[in-house]
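The two complexes that follow have chain A in common; it is paired with chain B in the first and with chain C in the second.
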Partner chain A sequence: MTTKLPAKDAVIIGLGWTGSILAHELTEAGLDVIAIERGPWRNTATDFAPNYAQDELRYRIRHELFLQPAQTTFTFRNKMDQNALPIRNWGAFMPPNGVGGGGVHWNAETWRFLPSDFVLRTHLTQRYGAKFLPQDMSIQDWGVTYDELEPHYDRFEYLCGTSGTAGNLNGQIQPGGNPFEGPRSRPYPTPAQQQPFSHALFGKAAAELGYKPFPQPSGNLSQAYTNPLNVRMGPCTYCGFCEWFGCGNYSKASPQTTLLPVLMRKANFEARDLCEVTRINTDSSGKRATGVTFVDASGNEYEQPADLVILSAFTIFNVQLLLLSKIGTPYDPLSNKGVIGRNFTHQTISDVESFFDKSKFNFNPFIASGAIGMCIDEFNGDNFDHGPHGFVGGGYMGQVQTNGRPIQTAPIPPGTPRWGAKWKDAVRDNYLSALKPGTGVHGSMYSYRDVYVDLDPTYRDRFDRPLARITMDFHDNEIKQNAFLTDKFAEIFRAMGAQQVHKIYRKAPYDVTEYQTTHLCGGAVMGTDPKTSAVNRFSQSWDVPNLFVTGASNFPQNAGYNPTGTLAALAFWSAQAIRSRYLRNPGPLVPA
Partner chain B sequence: MVAGMSTGAARVSLVIILLPWLALCSAAPVQAATFGASDQQNFAQIERGRYLTRVADCAACHAGVDHTPFAGGRPIETPFGMLQASNITPDGATGIGSWSDAQFDAAMRAGRMPDGSRLYPAMPYAYYTKMSRADVLAIRAYLNTVPPVHHEVESNQLPFPYRMRSLMAIWDALYFKEGEFREDPSKSPAWNRGAYLVEGAGHCGACHTPKTSLGGDELKHAYQGYALQGWFAPDITDNEEMGLGRWSPTDVVEYLKRGHNKYSAASGPMGEEVVDSSSRWTEPDLQAIAEYLKGLAAQQETAHPLAAGDPVMTAGAAIYWDACSACHKADGSGIPYLFPDIAHAPSVASREPTTLIRVVLQGAETAATDEEPTGPQMPAFGWQLTDAQVAAVVTYIRNSWSHAAPAVSEREVRAARASLASTR
Partner chain C sequence: MSPPSRRDVLLGTAFVLMGDAASKAGVLRGQLPWSANAGSPPQPITESGWLFFNPDEAAAVEAIADRIIPPDASTPGGKEAGCAVYIDRQLIGPFGSSAGLYTSAPFVTGTPQQGAQSPDPPAVVYRKSLAALDRQCRAQTGKPFAQLSSEQQDPLLSGLESGSLQLEGANGKAFFEMLLKNMQEGFFADPIYGGNKDMCGWKMIGYPGAHYDYRDWVGRHNERYPHPPVSIAGRPEWTPKRT
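The block that comes next holds the complex of A and B.
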C-alpha cells in the first residue's frame, strides 16, 4: 500500500552537493522543500570523528561511506556485442551514498573548466576543421558559456572557502596562478594550501622546464574561514585522509560543513534519509511530473506529490531513474537517436611512479591533503596545438599525491617480487623517497556513439527494476592523449632528480576493477537541441519542464579537470533560472 | 553524579529534626485579589510577557514531553529525585486556566500553589520573587494566549521524605527571601537592569550559584559555579581564570547571543539556554547583563599547577597531542567560534572538572543559533580512552597554559562514566 504524503512545492532526489545547493536556493525563494536521500544521515562528530576517521581499512578498503553493491549496482561491458555483468565490488569509481553524497568523501579538488570546454565542438571545428575529430566522437557545446557560469563558480568557491592562487583576475594574468584559466572576478576566498616538499619540488622542476606551475585549488582550507552563510570551517591539518574519508576537522568543504547547518534550521525544509526514490511520477500526458514514489528502510512505500522535481542523485542514478520513469527518449546507439543515456563519459587518468635516492630525498608523503599539489595546465583542453599530435583533449598534470596511507602506499620499483622479504625491504627503502600522485595525469574523456548507459536486459535490483548497464571503452583518441601527457609528466619527475621513472599509461580496454576517479559524467546531457540533449541549458528536462536534472550527468563530455566545481556552478546557475524565471512562469525556459 | 548527593544522609537527619517545627506551619489558601490584571486586550502587555517568558525560559522546563509548548511533563532532574514540570497552558482542568492573577503571582513570586501548598524550589520562585508584579502579570497575559492543552501532570515524583511538600516550609524559611528587586541608585541604569534580569527572571543563580546540602543558594559564593546534571555551571563572576575575567562585555554578549565567542562555546544545559532563551534577548538587555556580571567580585584563590614533569602530565600531554591538538591546537588556542580556546575557556578551568570529564567521555554538541549556525560538535572519546587516560588528559589540560587545578583521579572518571551511563 502506498501512503500519499501532503504535497510539497519541490522534491529533491538525493541530498549531495547539487541537492543541497538546490534545497538552499529553493527554500530561500520561499518554497516548501523535501529532500529524499537513499543513504544515511551523516554528521562530522558522530560519523567521521577525527579519533577514528583516519581508518584506511574501514573506509578505503571496505568502502564504508559508499553505496553497497548489495543495495544496488550496475552491469558493465566494454563493447556493445558483449554481455554485461553486474559489478559486485566497486573498482573504477565509487558510487556515493548518504547525506552529503560524494561531497563527504571527495578530495575537494575545486577546478573550473576552460572557457573553450563549454563550446568544445565549435572551438575544435573552427581551429582544426571538422575532419580532425574522430567520426564517432559525439562531443557538443554545452549551451552555457564560461562567462555565464563565472558568477556561479564564484558562489561555490566562496561557499566552500576554496584555497588557491588566482591565475587570471578579470583578464589580468597573475603570477603564481594558472595562466590558462578563464577570467575570475575575484581572488580565491583563501590563499593556497602550503605545499609539502615533493609538491614544491615538482613546481620548481616544472618551472625550470618552462611551464607555469600553480597550486591546485583546494576545498581543504589553508586557514579558518566563515562562509557567506556564516558557517565556520577550520584549517586543514594535512592528515592525508580526504578522498574515501569524511573530514573530522570541519576543514573540507562538504554540504555538512557549508550548507546543511543553515538548511536544517529552515522551517520550510525537510530531509528524509534512508529513503530510496523508485520512480518519478508523471501525469497521463507524460509532460508533467507529479512527484516521486519512494520506499523507506522498512519497505513502506510513499508517494510524495510536488510541483517541482529536482533529480540530483549521482550521475548514473539520474540516468537510471529517467529511464525507469520513462522520461525522455532512451538513447539507441544503433540508430543514434534518443538522449537518455547518451554521451556517457569518465576520465582518462594515468600515473608516473618515480624513485629517488633515499639518502637525499625524504618526502614524508603522509603530510598531505586531498587537494594538495602543484599542477601545470599547459596540456589541458586546447591549451596547446593538437594539430601535430592527431588527438584532441588533454588534462592537467601534477604532483598531487594526497596521502601516504599505510595499506596502499607500498612503493616498489619495477622488478621487485610481489611478496616476501624482498618486497618488504623495497617498501621500507622507498616509502619516504618514492612518489606516486595517484591521478597525476588527469585527462579528459570525450564522448562517443558507443559509450552510453541503458537498462540491463537481464539483471534487476531488489525492487525488480532493471539495473543500469554501462557500455564503455577507451577510444584511440584518449589512448593517444594519455600517452602524450604521461610522457610529458614523466619528464618533470626526471627533472626533479628521480633515479627511476615508471610510466603507467592508461590503455584499453577500460578496466572496471581499477580505480580511475569517481568522475562519471553525462547520460542526461545539456545542450541546445532536444535531439541531442536531455536537458536545456538550465538543466531543465526538455520533455518534462517541471523536472530539473543536476550534477555531472549534464556534462556533454568530460574535460581534463575534476567535475565538482563545474557541477556545483551549474546547480547555482540552474537555481538562479528557477528562482528568477521558472517560478514566475512555470514552463519551458527554452522553447524546444 | 551531582554534587551534594553524598550528603544525602545528613539532609535526611536534618529534615527529621525539623519535622515537629514543621507541624506548626499551616497551609492557608491564597486569597484572590482583584487589583491589577493580566489583560487579553493589552497587546503591549502580551508582547512584553512573550519576551519575559523567553527570558525566564519557562519553556525549558514546562515543555511537554512531545514538545507541546508549556504542556508540562518534562522530567526535571534534582539532587533529591525527579520532578515533572507542570502544565502551564490555560487549560481549566489540568493547566492554570482557572487561576486568578493573584494565584499566578503567588506561584511565581511566593512559591505557593492556589491551595496554599508550597512549590518545590526546582520552580525558581526564589529568583522570580525579584521580578515586578507587572512583569509577572505580563507573563500571565502571554500564557493566556497559548493553546490550552488538556494534560494531567503529577509533578511530584520525589522519594520520601522529599515527597512531602510541607517540608518545603523549612526550605523556604532557610533559603527563601521573598521580595522584589530594589534598584541600587549608586549604580548605572544598565547595571540595575542587568541585576534585575540575572537575579530575577534570568535565574542564573539556579545553576551557577553553589548550593547547600538542602539545595539552597550559598549566597556568600553567589555565581561561583556549581555542578548539576552531570555538568559544571562555571563561575560567572569576574574571576580571571575560572570566570568571565578575561572576557570583555562584548564577549559576554556574544556568548549569550550566539552561543559562541572567541574563547568558548555553549553546550549541554547552557547550550539549551542559549538556543531557547538568551539568543533571543534584546541587545540592551544582554549588554546590561554583561555589565552586571563583569561587576561581580571574584573570590581570590591561588592554585599551583602540577609540575610539567609529573608522569600524569607527561601521559596527558601525549594523549592531548594525539587526540586533541588537531582541533584545539598544540597551545590550546583552538579556532575562534569553532573549536573552543581551552587555554582560556572558563569551563575548562572550573573548580570542579565535571564538564571537562563529561565532554571528553561523551562529546558535546554546541549551540547552533541564527547568527552562529555551525553548531560544531566535539566527538566522544569515552569509547577509546581508558579512565586513567581520560584522567591524564583532563589533568594535563587543567594544568597547562595558565591553568592550575588538582589532578583528576581515575576514580573520578570511572564515577563520571558510570553516572553518565545510568542517565543516558
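The block that comes next holds the complex of A and C.
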C-alpha cells in the first residue's frame, strides 16, 4: 500500500552538496520544500567526533561512511561485447550515502574549471582542426560559459570559506596564484593553508624548473571563518584524515558545516532520511513530473506529489533513476542516438612514488590535509600546445599528499618484496622520507561513444530493479595524455632531490578494483541540443521541464580538476534561473 | 493472509542488512536533530582467546604472521603484534561474512578488472584455505604448516603468492592476497582492533597515530616529530592500572 503525502512545492532527491544548495535557494524563494535522502542523518558530534574519527581501518578500509553495495551497486565491463559483472565491493570510486553526501568525506579540493573547458569542442576545433580529435570522441560545449558561472563559483567559495591564493583577479595575474585560471571577481575568502615540508619543496623545485606553482585551493580552512549565512567554521589542524572521513573539527566545508544549520531551521523545509526514491512519477503525457515514490527503512512506500522535482543524487544514480522512470531517451551507442547514459566519464589519474635519502629528508607525511599541496597547471586543459603531442586534454599535477595513514601509505621502493624481513626494513627505512601524492597527476577524461551507462540485463537491487551498468575503458588519447603528464611530474620529484622515482602510469584496461577518485561524471549531460544532451544549460530536463537534474552528471566530459567547485557553481546557476525565471513562468527555459 | 511476495522478501532481507542504530527513517524538521551523548565510538576487542579460529587455524595464522612480518631486534613480529588476533576478530565481524557487500547471484568469473566474484565470504576463504594448506603440508612432510621451519614455510608462501602452489578446493593466490592485506591491516590499524600491540607498528615507522592537531608542526620543515604515538584508546600510561 502506498501512502500519499500532502503535496509540496518542490521535492529534492538526495541531500548532498547540490541538494542542499537547491533546498536553500528554493526555500529562500518561499517554496515549501522536502528533501528525501537514502542514507542516514549525519552530524559532526555523533558520526565523526574527533576522539574516534581518526580510524583508518574503520573508515578507509571498511568504508563505514559510504553506501553499502548490499543497498545497491553497479555492474561493470570494459567493452560492449563483454559480460558486465557486479561491483561487489567498492574500488575505483566510492558512492556516498547520507545527509551531506560526498561533501562529508571529500578531500575538499575546490577548483574552478578553465574558461576553455566549457567551450571544449569549439575551442579545440578552432585551434587544431576537427580532424585532430579522435573520431569516436563525443566531447561537446556545455552551453554555459565560465563568465556566466563566475559569480556562482564565487558564491560557493564564500559559502565554504575556501583557502587559496588568487591567480587572476579581474584579469590581472597575481603572484603566487594559478596564472592559468579564469578571472575571479575577488580573492579567496581565506588565505592558503600552510604547506608542510614535502609540499613546499615541490613548489620550490617546480619554480626552479620554470613553472608557476601555487597552493591547491582548499575547503579545509587556514583559519576560522564565518560564512555569509553566519555559520562558523574552525581552522584545520592538519590531522591528515579528510577524504574517506568526516571532519571532527568543523574545518572541512560540507553541507553540515556551511548550510544545514540554517536550512534545517527553516519552517518551509523538511528532510526525510533513510528513505530511497524508487522513481520519479510523470503524468500520462510523460512531459510533466508529478512527484516521486519512495520507500522508507521499514519498507513502507510513500508517494510525494510536488510541482517541481530536483534530482540531485550521486552522478550515476541520477542516470539510473532517469532510466528507471523512463524520462528522456536512453542512450544507444550502436545508433548513437538517445541521451540518458551518454558521455559518462571518470578521471585519468596517475602517481609517482619517490624515495629520498633518509639522513637528509624527513617529511612527516602524516601532517597534511585533504586539499593541501602545491600544484602546477601548465599541463592542464589547453594551457599548452597539444599539436606536437597527438592528444587533447590534461590535468593539474602536484605534491598533494593528503596523509601518512600507514595501512595505505607505506611506500616501498620498486623491487622490494611485498612481505618478509626485506619488506619490513623497507617500510621502516622509507616511511618518513618517501612521497606518495596519491592523485598526483589529475588528468581529464574526455567522452567517447562506447563509454556509457545503461541498465543491466541480469543483476538487480534490493527493490528488484535493474542495476545501472557501466561500460568504460581508457582510450588512447587519455593513455598518451597520462604518459606525457606523468613524465613531466616525475621530473619535478627528481629536481626535489629524490634518489629513486617510480612512475605509475595509468594504463588500459580501466580497473574497477583500484581507487581513482570518486569523480564520476556525465550520463545526464547539459548542452544546447536535445539530441545530445539530457538537460539544457540551466540543468532543466528537455523532456520534463519541471524536473532539474544537478551534479556532475551534467558534465559533458570531465576536465583535469576535481568536480565539486563546478557542480556547486552549476547548482547555484540553476537555482538562480529557477528563482528568477522558472517560478514566474514554469516551462522550458530554453526552447527545444 | 497471503504469502509474502518476492518483493516483500527482498525488502525484508535488505532492510535487515541496512540495520544499525539509526535505521529508523525519520522526518527532520525545525532544527538540527540532536540527542545528548549520542555517538558511535568503535568497539575495542575483548581479550578472551580465539573467537573464530580453531587451534590448528590459529597456529597456522600466527606462524604465517611471523613470516609476513618477521620479528627483528627492534620490532616484534606479526604474531606478537597481534595480527592473528586482529584477523580472528575481523572474521567473526561484518568483514568475515561480507556484510554490506553485494552478494547476489549469479557468480561468474570475469576479468581481473571486474573484481572478485567469489560467493565465499572471507571467513569461508580462511577456513577452506587454511585447512587445505595444512592438509598439503601434512601430506608432504607429516607436519602442519605451523610446525615447519621458516626455511620450509617461506617457499610455501611464495608459492601461494605466485600461484605455483595450488590449494585443493581453494584459490591459494586470492587467499594469499587477502592474508597479506589483513596482516598489514593488523600491524598498522589502531590497537583497539587487536593488532599493532603497544602501537609497535606505528613506533617502527614514526607514525603518531590518532593525533588530532599538528598546527604547531606544519611549518617545522625537515624536523622529526618527537611525540610518541597515541591510539583512539589513548596511551597505556594515561590509564594506569589501579592498585
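Just so it is clear, the second predicted complex is superposed on the first by the 592 of 592 C-alpha atoms of A that agree within 3 Å, B and C clash if a C-alpha of one lies under 4 Å from a C-alpha of the other, contacts with A are read in each partner's own complex, and residues count from 1 in each chain.
Here is the rule we use: a residue touches a chain if its C-beta (ideal position, glycine included) is under 8 Å from a C-beta of that chain, and two chains touch if they have at least 3 such contacts.
Just so it is clear, the model here is predicted, and its values are computed rather than measured.
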Can A:Phe474 be said to touch chain B (first), chain C (second), both, or neither? neither
Now for A:Phe118: first (chain B), second (chain C), both, or neither, which partner does it touch? neither
Tell me the contact category for A:Thr46 with respect to chain B and chain C: first, second, both or neither. both
Counting residues of chain A touched by each of chain B and chain C, the higher count belongs to C
With the two complexes superposed on chain A, say which partner A:Tyr250 touches: chain B (first), chain C (second), both, or neither. first
Just checking: does A:Trp542 make contact with chain B only, chain C only, both, or neither of them? Give me first, second, both or neither. neither
Give one of first, second, both or neither to describe whether A:Arg460 is in contact with chain B, with chain C, with both, or with none. second
On the A-aligned overlay, A:Asp273 touches which partner chain: chain B = first, chain C = second, or both, or neither? second
Where does A:Tyr452 make contact in the superposed view: on chain B (first), on chain C (second), on both, or on neither? neither
Touch test for A:Asn83: chain B only (first), chain C only (second), both, or neither? second
On chain A, positions contacted by chain B and by chain C: 43, 45-46, 49-52, 235, 237, 239, 248-249, 261, 265
Show me the residue ranges of chain A that touch chain B in the complex, using the header's touch definition. 43-46, 49-52, 224, 226, 229-235, 237, 239, 248-250, 261-262, 265
Considering only the defined contacts, which chain B positions touch chain A in the complex? 323, 326-327, 335-339, 363, 365, 368, 370-381, 384
Which residues of chain A touch chain C in the complex? 40-41, 43, 45-47, 49-52, 54-58, 61-62, 68-71, 73, 76-78, 82-89, 91, 194-197, 200-201, 235, 237-240, 248-249, 260-261, 264-265, 267, 269-275, 295-299, 361-362, 364, 366-367, 404, 406-407, 410, 418-421, 423-425, 427-428, 431-432, 458-460, 462-464, 509-513
Counting only contacts in the complex, chain C reaches chain A at residues 6-8, 10-15, 17-18, 22-35, 38-42, 67-70, 72, 75, 94-95, 98-104, 106, 108, 110-117, 154, 157, 161, 180, 183-185, 188-190, 193, 201-202, 204-215, 217-219, 221-225, 232
